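Consider the two complexes below, in which chain A is the common component and chain B and chain C are the respective partners.
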Partner chain A sequence: MADPNSVDEFVRNFEEAVEGVEPSSLNPDTEFTSLEEWDSLAALSVLAMVDAEYETEISGNELRKAKTLRDLFSIVQSKKAATA
Partner chain B sequence: MLTRLTHADIEMVRRWRTLPEIVQFMLYREPITPEMQEKWYASLDPDRDLFFIIRYGGVPVGLSDMKRIDWDARTCVGGIFVIPECWNSDIPLRATFCASDYSFFECGLNATLSTVRKDNHRAVRFNLAIGYHILNAEDETSLTYEMRLDKIDYDRATKRLRDYLSKVSENAR
Partner chain C sequence: MATASVHNVRIAGISACVPERVENNAEYPLLSPEERTKVIHTTGIERRRVAKKDQCTSDLCVVAADRLLNDLGWNRDEVDAVILVSQSSDYTVPATAPMLQDRLGLPRTCLAFDINLGCSGYTYGLQVLGSLISAGHLRKGLLLVGDTPSKTVSPQDRSAATLFGDAGAATAIEFADGEVMHFDFGSDGRGYAAIMIPDGGLRNPVGPQSLEVTQIDEGIARSRCQLILDGVEIFNFSIREVPKTVRSLMTAANKGVEDVDAFVFHQANFFMNDLIRKKLKVPEEKVPYSLREYGNTSSASIPLTIVAKLRERITSDKMSMVLSGFGVGLSWATAYVETDHIVCPPVIEA
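Now for the complex of A and B:
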């Protein structure tokens, strides 16, 4: 399971989940929906990664509210805290 | 959720289909009038041409189709488009899984065929990721790829994500 307090680890997990993204190419302020690799497959892969690595579920609607990876990580943390 | 296309839907579909964002990826790019849309709907064979409205949260957001079904060869021609507001979300993939699961596991088809413009890079990448392979990769003169998705390849390529969706659907019940 991933460290729920590390945004850097979250970024690495995101890079692994999205096919075509180079390792260490993103940072917490990356606007991930602007990535060329961002598509429907990437979106669902990230939802599955969050479920597997952070043991919490976020919805497609919640995903769509996030602009940067930091925003997305905050959503994951809030969901995780709410279900703890 | 997918619901069967009805006559009441066809003007909505025509409006989507004629959006510049959608037209740019279509093989047929000429204007489509309401009269042409009526003729197209009347031409559908209810046993071989299955068109579905994609609904997300109850809201219609796109069209998915299994057309020219060959019940002997167990193949069909597949297609999908969603409105631009839903691009790059999880919705197109969810809809694709619904349609493909239905065609392979409910209807018993073995393969889906698809023609995709070569300049529609996202669609080509998307199709390859869910298990399609290109039939005419060597043909440099064609503007399109002829692609084929076999049931076994689809099952293997998408199992992890379909299992995830099954799990979250179960949890939501």
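Now for the complex of A and C:
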């Protein structure tokens, strides 16, 4: 069973959420904003995934500051910790 | 979170009016053909109505209200209240509703005022007018809602220009023994900047700098007198609050999804609305959309969707509906209403 709190699982959820991204094509250090598939609609898909899988949200500012998928995952984890 | 019931009021009729001019998102110049296809698919918006230069929200509302009053056969002297919910008034001062009293031939004894709300405005307006009539002193009222976002959204802002359409709608409400509407509503002013026009009020009066068009980002150029839309904040807000308000309303009204014939949501965009629908586990066939033809029409989106998509049923049968408006403010209001063979002419073009 994959650990839902692992960064690797987050990467898989991200790959699934963003249309056009191949499974297993990304890693935690991927700079997601440089992906060809990254646009405002992809951003909303990731927010929807974060809501569904992690029951939290990433703000517009946080999204703009994050570079890698690991950055995004840390935001999700810190948000979850704050609301736990 | 506030819930409230309003007793002894019913919706007697609903009408809607849109401008004749159509703009197609498939022709929007700031997006590539592939991007246009993707935007249309995701937002669900193919076309939008755009008002003429001299056509205001009030003009669309007058057409909708005139037709509704005629079809209802109401004596105009009996109308005790007219409320306009809009963020595109004719003038900064005075309010628009008193002029509508005159233009619609309503009596001078009529109560008239504006409410400054957008996407949540229809359900707010129902609550306010419903409460006034519920007390029994006023017997009949008109709720007019609408906006002309085409006049305030920058055509060079690809984050917003393909989303909004212009429309006005009229709803007739009257005293009716035993009828009841339920409401749940709320506000979160922390998010005031998520949808805003920064200049033109008295906090930031219009100056020469207000009209300068600035390139904000790729494909996004606008002035400080034009609408800013922070899609991420709105998205987070909507998927957080709307399921909550709908659930708490249905608990207050003691209704389950199976008791409701239609869930009419503010028409924001298909991707977000459908996510909300799934979170609430509402079957697709209970959720009508007018997005494809009309886009996001602000406070008019709920009545316009009812007129465009539920007209046949609402005029010929009883219906129970959950109506949910949410957005600019940030603000939200959800209503449970039951209707019985109401008057509802087809969407009018003007």
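Here, the second predicted complex is superposed on the first by the 80 of 84 C-alpha atoms of A that agree within 3 Å, B and C clash if a C-alpha of one lies under 4 Å from a C-alpha of the other, contacts with A are read in each partner's own complex, and residues count from 1 in each chain.
We take it that a contact is a pair of C-beta atoms (placed from the backbone, for glycine too) under 8 Å apart; a residue touches a chain by one contact, two chains touch by 3 or more.
Source: prediction; values computed, not measured.
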Chain B and chain C placed together on chain A: clash or fit? clash
Of the two partners chain B and chain C, more of chain A gets touched by chain B
Inquiry  = Contact-wise, after the overlay, does A:W38 reach chain B, chain C, both or neither (first, second, both, neither)?
reply    = first
_A:D8 in the overlay: touching chain B, chain C, both, or neither? Say first, second, both or neither._
neither
Using the touch definition from the top, say if A:A48 reaches chain B (first), chain C (second), both or neither. both
Is A:G60 touching anything from chain B or chain C once the two structures are fitted on A? First, second, both or neither.
both
Clash list for chain C against chain B, restricted to 1-9, 91-99, 127-135 or 217-225, contains only 217-225
Overlap of the chain B and chain C interfaces on chain A comprises residues 40-41, 43-44, 47-48, 51, 57, 60, 63
Within the complex, chain B is touched by chain A residues 19, 33, 38-45, 47-48, 51, 57, 60, 63-64
Note: in the complex, chain B contacts chain A through residues 87-94, 96, 122, 125-126, 129-130, 160-161, 164-165, 167-168, 171
Given the complex, residues on chain A that touch chain C span 40-41, 43-44, 47-48, 51, 57-60, 63
Chain C residues touching chain A in their complex are 38-39, 42, 159, 230-233, 235-236, 239-240, 271-272, 275
